[in-house]
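Here's the structure, in structure tokens; my notes come after.
By letter and in written order, the chains are A, B, C, D and E; residue numbering begins at 1 in each of them.
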Amino acid sequence: MPSGALLFQSIILGLLLGGMYALLAAGLTLYFGIMRVVMIAHSAFLILAAYLAWWTNDRLGVDPLLSLVVTVPLFFGAGVLLQRGLLSRLRPATLTMMSVLITFAIALMIEGLLGYAFTGTQRRIRLGYGTASFELFGARVAVVKLIAFGLAAVSLAALYVLMKRTQFGWALRATIQHRDAARLVGIDTERTAGFGFGLGLATAAVGGTALSLDTTIYPSLHWHWIGPLMAIIVVGGLGSVPGAAAAALLLGLAQSLLQIPMGATWAQTVFYVALFATLAVRPQGFFGGRLAQRF
Amino acid sequence: MSEIELVDVRAGYGRAAPVLRGFSVAVPAGTVVCLVGPNGAGKSTVLKVASGLLSPRSGRVLVGGKDLTGAGPQRMLAEGVALVLQGHSVFREMTVEENVLLGGYTLHDRTEKTRRARFVKELLPVVGERWNSLAGLLSGGQQKQVEFARSLMVDPKVVLLDEPSMGLDPKATSTIFDQVVRMRDAGTAVLLVEQNARRALETADLGCVLDLGRVHISGPAADLLADPQLGELYLGGRPAV
Amino acid sequence: MPSVSKGVFSYGLPALVLIAAIAVFPSLAPNPYVLSSGVIVLNWAVLATAWNFVGGFTGYISLGHGALAGLGGYATGLLITKASLPSFAGLLVAALLVAALAVPIGFAALRVRGASFVIVSIALVLILLLVFQSWSSVTGGSRGLVVPRPFPGMLRPEHHRVFFFLYGGLLLLALATWWLLDRSRFGMGLKAIREDEDKAESLGTPTFAYKLTVFVVSAAFTALAGGLYALWFGDLDPVFQFSVLTGSYIVLMALLGGVRNLYGPVLGAVVVGVALEYFKVEFGNTPLHLVTTGLLLGLVVMFMPDGVIPSLGAPAKRLRKRQDSSIREVTAADLAEQRRGRTEVKS
Amino acid sequence: GGSDDGGGNSGDDPIVVGISLPLTGDFSEPGKGVQEGYEAWAKITNDKGGLLGGRKIELKILDDQSNADRVVADYEQLIGSDQVDLVVGPFSTRLVVPSARVAQEYGMLFVEPAGAAAEVFNQGFKNLFYAAPAVADDHYNHLAEHLLALPEGEKPKTVAYAAMDDPFAQGTAYGLKKKLEAGGVRTVVDEVYPPNTTDFGSIAAKIAAAKPDMVVGGSQYQDGVNLIVALQQLNYQPRLAAFSTAPTNPEFAKAIGNKTEGILSPTGYSQDAPYPSNKEFVEKFTAQFGKAPEEDQANGYTTGQVVAAAVEAAGCAEQGECQQKMIDWLHSNSVDTVVGPLRWDATGKPQGAHMIQQWIGNDIKIVLPADAKEADLLYPKPAW
Amino acid sequence: MTLTTTGLRKSFGGVVAIDDADVSFLPGRVNALIGPNGSGKTTFFNCVTGMIKPDAGRISYGGRDLTGRAPHVIARAGVGRTFQLCRIFPRLTAIENVLAAVRPGGLLHGLRSAHRRHELERAHHWLTRLGIEHLAGAEARNMSWGQQKLLELAGVLMAEPATILLDEPAGGVNPALLDRIGTLVRELNAEGRTFVIVEHNMDLVMSISDHIVVFDRGRPIAAGPPAEIRADDRVLGAYLGV
């Protein structure tokens, strides 16, 4: 039986981890849930952002968080270009399938270019406060993990408000659901879809930077993230930002707690077990998701 | 002067043979022109060209005398041309509210939006009743009504309707035809495609029979209705009741 | 009948060419390395063809077929080492086992469609990877599994030659099966599922049973290829046996050649298989081979979404059949006239 | 010699040595280190006039992308298609076994720099030789002896092990575990994590909660760093901390924010080791690459030295019977290398042990065995 | 074979789509099912054909209980249907669309060629009867709305079900053609096929049906021959409006 202190520490770690997962999955809910694009390259972009943060820190010696000033607009622009240049040219009938392949191709290219530019070496940002931590009711909370959690909370809240409350959010959903009808009510569908994708990639910039604060990165790391992130958005209900956040916290917590009795490897299976359970019981996801199971 | 005019339009899809082969039509303000024709004649294609969804291969599209050939739907809407698509085009995973309010996407005046929303709720009670449901979960006819409501959120000079009565029950059909008459009376130019051809021609001022991508015959709606040969080929014999 | 000559040109002739190529390649190969590359390409060709049973007919895009091949390989290896079956008996039993296992897997995975299925198939790979890495008492864990040689003492070039012919036979078998399904009513039902599953079901097609059946057939062929690979290669490592990349290469190959064509996946496997080998030689010591693979995939998706064979075939088809347009060439009046004529003749 | 073979091997044809290395992918970092070792060996040997009286060494290096399928295809290509004269090994146990089989089935000698795990040697290979002092299980032998010899009160009582699920990394930790457990030291945590783990929070929490006297990490590089940082984030202070591979990396201290105090690591190579060829190696390597050689580089170099000795002894270097001559010679002789004299048993397993290094001040120093030590072992270690 | 439902109920969240419906359609007739938008007609079809599971109630067909059976089982029992939102196989050609409706019996039967001459001839026959024979080689997705509607009908007829449920067959179909569809329905009915037609085109309904059931808010409020229905006050109020 694990001690109370270990349990509490694991809960804290699990929540912090879950927050991180939520941030990393945020972009996926956007393109996968709302835009019907299976974006395999999302985690590759996360790693790219993490590399840029690392590089900023390594070369310029400034705090990696500062790199956000550049990477967020940069990724937004890249997202717009990607959507306009590639995804919008795919046939709507086969969009889902072809988007898997085209984004897979992008992921390969990013991995290859990262390997080319930075070699396959494992990199980790060296921060003055990298090992700093404080005590909270007997558990230790690492400062870097808390920063990542904060970034996650802020970005997710912003995303939620944007999708639910703004004209842009409505226009984006309308564009994806019936492009001709959206054009006919006066929506500039090209621009809207482009911005939607850009937004998704902008969250990848934030997520990647947060990721870089406390983990090692290497070019092929993105494969490691695809499965868990996909599981999160399916469990959370495709297209639902709050759903993804809730699922991420829950799965992060579950993984952290399960590691105590089961060890790290088996604990990872919790994502897939949850994924299969969700699809078997409630294909539309547990938290959000409405008609989404049928696309 | 006609509010909208298509001149000698040739249009088609992809690399296939053209669907419209030199089609012309003009709709003056305050007039309802009804377009009828067999399935696959190209009626929807005409409306797609007129609304900017499809660029013609040749020919011209004039709106209020201005040449807008090749302009996109956004531009057309700005010039006062609105289209209600055939079939179902609600935003399925958005609520009726979101659907209807999106109809007023180009309106920036909030009070105007609210006023119009109230108007469509009154006109089509279903819309008000199911205000917070997902549009994709409504029945076929209910969705059609939501689409019509959506198009009523703006006040265009030219309205293009592609079989607005399809799937509607008799009451809702009447509501829609009444609304068409009201629009005409307010000076709107209406180009109406209907398979409910007799009913439509009774409402319309001018009729136009389309076949093989060309105008087969056109004239005052009443004349077309009276032509027995047209009746057999395009309008259907009125079954003995 | 035009369909007969079409059959000869699009099925018969390529089949002869393929059989001839398989027969003479080993004697033409200048050295054992080229022969071993040939074995690898044929392995890809079988995998891509096997994938196409699911991908081509039902339109379910599985990125998880790499894992089925891995299962086939591991099952073969374990049956030989743990149950001391003879090598090829192990291979056959393994394929049957994987086919049996494909029933529950398919049962879970085929309940969801479209993008969700893609995710499930990726999850299948990742979960099997975790299991085979962790369950070391049975699978050897991340240390991998060594499969005993089926022909101990055979020299390596000879070994390659034998396996080249084995793979060739398997490929022909897979192609024949695909062809049989493609022209059958069962195949028509599967294509209907690809287009609209609910509609197919309302027409009386037992869609789930159909999907499951074809998934199992696909899994069996995939497992045979995987098992043969285990016998040929000898070393199984979970990281490489259960890799999303393998599944993606399979999809790339099938797509490149054309999923609606019998020979599409084979052609794709030859092109991509050779390209992978070439990129490796050309950009061997930089990660640029990933970039070039990605680029190739991207180009295919953007410019040849139906695959090479259909895009090459399209202009020819247009020449042959110009009147393909769907618009009528006669007016309603003419039609009415014709009809009247016909009914008169009939009655 | 060499005049008796009719193959037309004229006296100054280069000797082509085929190598496949993981220059990209998971093992690319050590892979590149080994590559430098090989390159240094070729250059140093060629500068001295080559082998067999004037034949230069030419390296033919392929990238196997850290992938077992590729490594086999590579050796297939090198031996079958490129007709190289000699092959030497790649990096990592996972890649060594399949490639050794190719070499065996072509009857080639296979000296390798990195297959340190036990299973490399129980595959029945007769052509394989590991060019390093000890296999993974024996890396901590000196440390185990030292700890078990401590008086009862000072001996660590509890140990936590966390090892990557990798034959080599796990081998090092479990080698020590076996010996300590036999000596009565209790294991309180025994964690195995998959190679791609990036989050070590939970593992560290488990270790910290058990408060063992000593923590042992069976690590490669990055996981070791991550684990140490995670332990430090939880403010856990063991009396002894040992990690394989990671602490000897030149980047290590910076990577964990210089909080290295007292960390132990086994190493098979030291730049200051007193063996005759080592001085030359360090000097010329530094001149060639602008940095001092590390363990990976030394492993590559050692492999070269072993092969060179076999070539000189057999008096030939080409495919065919010559290979068996070299294999036979290596089985019954010892070779002097930069890591000391090496000899092998019938399975190709070397018969030695690793040194133990410890971070003291801002430097890593040899502390065990006593006859090679540069400093005394700090135990218990200072706080990090 | 009579198609009967007893106590059928289906609600979606707060919306009661079918409320305790006892309906029965006698064999050999052309039945019509009418009612205002949202009165539950399509949902009724969906329940009967197994596309959705009713909350309560029984569905029986010729005495056989079909409640909760899978759609393909019901289709094989002889109940075919079309969809209101017209469903076709978009990337198959028209002729393939129709051929896809042939269902194989056993395994061997399933492995037979799908393009056997006899079947091809039947498929062409149906395309011709619906006036779209010129489209046989065209991909279904490239057809106009009405053409797709006709194609779907051709597919269902090819499957030769004993009972055919049509959801708004007239929606978007040219009136001239509609007359012919009406004739076709009567002819097939004379051959012994039962029809249940949901339709808002009252001219068509009144001219071809023998028996009409009227739905309002998920309940059958009237049933009888056309003349009777036309005179029914409740029907006038709920549906036809005046």
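Just so it is clear, contacts are C-beta pairs under 8 Å (C-beta built on N, C-alpha and C of every residue); 3 or more make two chains touch, one makes a residue touch a chain.
Please read all numbers here as calculations on a predicted model, not as lab measurements.
S.K.: By CA centroid distance, what chain is farthest from chain B?
M.R.: D
S.K.: Quick check: more C-beta contact pairs at B-E or at A-E?
M.R.: Result: the pair with more contacts is B-E.
S.K.: Any idea how many Å lie between the Cα centroids of chain B and chain D?
M.R.: 77
S.K.: Can you work out the whole-Å distance between the CA centroids of chain A and chain D?
M.R.: 38
S.K.: Give, as an integer number of Å, the spacing between the C-alpha centres of chain C and chain A.
M.R.: That pair's centroid distance is 32 Å.
S.K.: Hunt down the residues of chain D that sit against at least two other chains at once, touch-wise.
M.R.: In chain D, 23-24, 165, 194 touch at least two other chains.
S.K.: In chain A, what residues contact two or more other chains?
M.R.: Expected reply: 115, 120, 223, 263, 265, 268.
S.K.: Which residues does chain E have that touch at least 2 chains other than itself?
M.R.: 90-91, 135, 142-143, 147, 176
S.K.: Provide the residue numbers of chain C that touch chain E in the complex, in ascending order.
M.R.: Those residues of chain C that touch chain E are 3, 180-181, 183-189, 191-192, 195-196, 198-207, 321, 324-326, 328-330, 332, 335.
S.K.: Show me the residue ranges of chain A that touch chain B in the complex, using the header's touch definition.
M.R.: By the definition above, chain A touches chain B via 167, 170-171, 173-174, 177-178, 180-188, 239, 290-292.
S.K.: For the complex, which residues does chain B have touching chain E?
M.R.: 13, 16, 37-40, 44, 86-88, 126, 133, 137-142, 144-145, 163, 166-174, 195-198, 232-241
S.K.: Would you mind writing out the residues of chain D in touch with chain C in their complex?
M.R.: Residues of chain D touching chain C: 23-24, 61-63, 65, 67-70, 72-73, 76-77, 79-82, 93-94, 97-98, 101-102, 105-106, 117, 119, 123, 165-167, 194-195.
S.K.: Considering only the defined contacts, which chain E positions touch chain A in the complex?
M.R.: 90-91, 141
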